[in-house]
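Handing you this structure, nothing more for now.
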Amino acid sequence: MSDTTFAQPSALSQVFTKTVNYVRASPGIVVGGGMLALMLLASFLAPLPYDPMTPDPTAVLKAPSGEYIFGTDANGFDVFSRVIAAGRSDLPLALMGTLASLVIGLLIGLPLSVKSKWSEGFMRALDAFQSFPLIVLSVTIVSLTGNDIQNILYAIVIINGPRFIRLIRGEALSIRDGRFIEAAIATGARPRRVVFRHIMPNVVDVCLVQCSLTTANAVIVIAALNFLGIGVSPPTPTWGSMVQVGAQAISTGQWWIAIWPGVAIFIAIASLNMLANGIQRQVEGS
Amino acid sequence: MLRVTGLTSQFRGRAGVVRAIDDVTFEVPAGEAVGIVGETGSGKSVTIRSVLGLLPSYGKVVGGSAEFEGTDLVKLHRNRLREIRGARIGFVAQNPFGSLNPVLSIEKQFRNVMRAHRKISRTDLRDLAIERLESVQVRGPERVLRGFAHELSGGMAQRVVIALAMLHDPSLVIADEPTTALDVTVQRQILDLIDTQVKQGGRSLLLVTHDLGVVAQYCHRVVVMKSGKVVETGLVADVFTNPSHDYTRQLLAAVPPAPWAQAVPSLSGQEV
Amino acid sequence: MTTAEAAQVAVKEKRRRPVLRYVLKRVAIVPISLFILGSVSFFLVFLIPGDPAITILGDFATKEQIAHVNSQLGLDKPLMERYFSFWANLLQGDLGTSFFTNEPILHELGKFLPNTIELVFFALIFAITLGMTIGVIGAYFARRMPDRLMSGITSVLQSVPDFFLALVGIYVFFFLLGWAPAPIGRLPITSGSADGTPFLIFNSLFTGNWDRLGEAVSHAALPVMSLGLVYASYFAKTARGSMGTALTTPQVEFARACGLRERTVVYYAFAASRTTVITYIAILFGSLLGGAAIVERVFNWRGMGQWALDGVLKVDVPIIQGFVVTAGLLTLTLFLLLDLVVLFLDPRVSYE
């Protein structure tokens, strides 16, 4: 009893000091994570100058100015308000897609982390699957199953699930060969217990890196699909669909409609990549 | 021949600047064999890399000189130094498979080493390479030339490395633990081979090893290093019979009776 | 003969012609992959929820239209019969006809596939050349100024979606500077359609049609670059990693110790690490093909990807099936080619 009450705060403070050390040693995590947090906060909490869902037909194709800082598009939507508001659907969707891919990766990758003919065969099949233009396959599946924004989750999972499966299986395999697993089995732990008690925590570190990379990829996938007109329900703004709207105007010089949402995508991806690099360096360093 | 004076090198690392070797002084007289001994991390390898200008990008020679045939290698422009490496100084590294390029044929590697210093026709080169391979007792040199590193045994690969090192008749041969990566059975053959090559060509030898038995058998002089510093130098006979430094005494005490029986056990419990 | 002897003979057999064996083994996989590929494309149709004919035609379709689509899809026949006739047609090269244009799929592919191949080919060349240069420079000057610069460029390129880069390119080089032509396809409007000349660039090059070559190249510049720049970052990352490792190996140290010139030393490291980069093409090819589809749409390139995307959005099932089979075939061919290149470049492979 006294044991657990004692262990609780020490574990917490351990986590805390560990976090502080992470941040101090790695600017990538701070800058990347900070920018991401800022984008999320802004998209949900920032006051918007105009309603992102209702256009103003009297202000069409206005260049950026004091009144409309990012300009307006061909329908009279305020680009700034929409760029900020688009984060509400794009970022959570990317995170959800990543989470789903992670879950798939764990559910399939861990059971496959045994060296058998069957699991090797599965990996071969996965190789073949991944060598296919998956973005087109996911476009196919999303558009065949119905043009919903939630279906974009399938697309993200199709593209990123295999990466998680491969990663988690590989990690689990290499850790399984490690000494302390042998020790755990030698002391009588059951194989399933070994997988969940001992292998899982070790996989987490590596997964963290993959998660931020996957979220970056998910942002691209969402933007690409929306750009193609898939999973878009106007007038709800998404970065990809905004770039698409702007694409029609860019040859005639109205750059601001496509460029600002594009910049938002760029910043989101760049900060996620920075985050991944930062974590990677930490994992390698320790 | 080679006179190293006060040589000092540093490495930049995460923890700051580390002095890897400090004030290293010794001499390799013409026609003699000198052994550098010391445990892992004593600075043997850093010393020869400092002499040859082969430190990694985060390492730097910060003081001293390494005079070879009258020129200071430390101050030499890197292009001039390149002309000396491989031509006047031959180098035999630890791991023969690590040394040879895995995807280029052996002949191609001979050609590259040759052309780095001298223009020569393809057929002349081939004859020379075959002759050299024969002199290091490689059987079937034509076949070896056509093949690749992974097709050779460890002993054969090291012979090829020696042949490459001797290609330009260097006056000094530097060998960095040339037998560590090899089977115990071929270690002696390789050392004998290097010894003959050096003696026949009237060359000098700088042999890095952790094995005092090897030094006793093949070298005239010995340099004992510990934590980046030279603790004792002198003729093998003198140093071995009458060591002046405690560390040398410990090293000698740790040598097993039969020189070829096993490697010298580590003094500090580290891997040797 | 004991089993040990037999095993020895087998080993000898294997030693004698390792390359041939390897190639044969590699080629033998192709039919299996083809079978899986065809089956996958056949069963894609079952993903459509509800009545496929209504999904395809919309709610206001007439009975005749529905019956037509159903017979086209073969939905009026039993499953196995459809599956077999699908294969029978496929093996004869008959991929069906498009629901909307009524053109045979094979005919459409003949028009669009060469455009895609040219785009992907030049984008790959561009990406590999640039990426390797960036990676090699970074690795050579590891942890120094050029390395930081190169890795900065890499991470910027990695964070830009290709379709967005394409738009920026259009704005800067077409609208602002006027260097690039309008993004309207493979040739200027005045030169007519390029549909009649497959492999426009190669064709113009080999027939010596210099005017048309110039037009084709200037129209290809932006699409190739926007696709190539993004993928260059992936190659740069791989090349930086494998070159970085190769340059710190004892092998490179020995090369330096032999007095080889720096450029030969770099070549040694490059030779040892190039197969990693080449193998990486295989990993990237799928997403490159997908990226090409989007870029094709931006530039109205009239390639297979654009055609497939349009088909997908209209639920034009034969087009989707045609694309799946063709993309799979392309990938398989490329993998085979890459394996042979690696085999040629790396003598160790055949012994594994």
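For clarity, chains are labelled A, B and C in written order, and residue numbers in each chain start from 1.
By our rule, contacts are C-beta pairs under 8 Å (C-beta built on N, C-alpha and C of every residue); 3 or more make two chains touch, one makes a residue touch a chain.
From a predicted model like this one, the values you see are computed outputs, not experimental measurements.
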item	value
Minimum number of chain-to-chain touching steps separating subunit A from subunit B	2
Chain located farthest away, centre of subunit A as origin (C-alpha)	B
Interface ranked first by C-beta contact pairs	A-C
Centre-of-Cα separation between subunit B and subunit A, whole angstrom	52
Distance between chain centroids, defined by C-alpha means - subunit A, subunit C (Å)	25
Whole-Å gap separating subunit B and subunit C, where each centre is the average of the chain's CA atoms	49
Complex interface listing, subunit C residues touching subunit B	141-144, 248-251, 253-262, 264, 268, 271-272, 275, 345-348, 351
Touching residues on subunit A, where the partner in the complex is subunit C	128, 130-137, 139-141, 143-146, 216, 220, 223-224, 227-230, 243, 246-247, 250-253, 255, 258-259, 262, 265-266, 269-270, 273-274, 277
Contact set on subunit B toward subunit C in their complex	52, 54, 56-58, 82-87, 91, 93-95, 98-105, 112-113, 116-117, 148, 150, 161, 164-165
Subunit A partner contacts - residues on subunit C that touch it in the complex	33, 36, 44, 47-49, 155-156, 158-161, 163-164, 167-168, 170-171, 174-175, 182-183, 282-283, 285-287, 289-291, 293-294, 297-298, 305, 308-309, 312-313, 315, 320, 323-324, 327-328, 331, 335
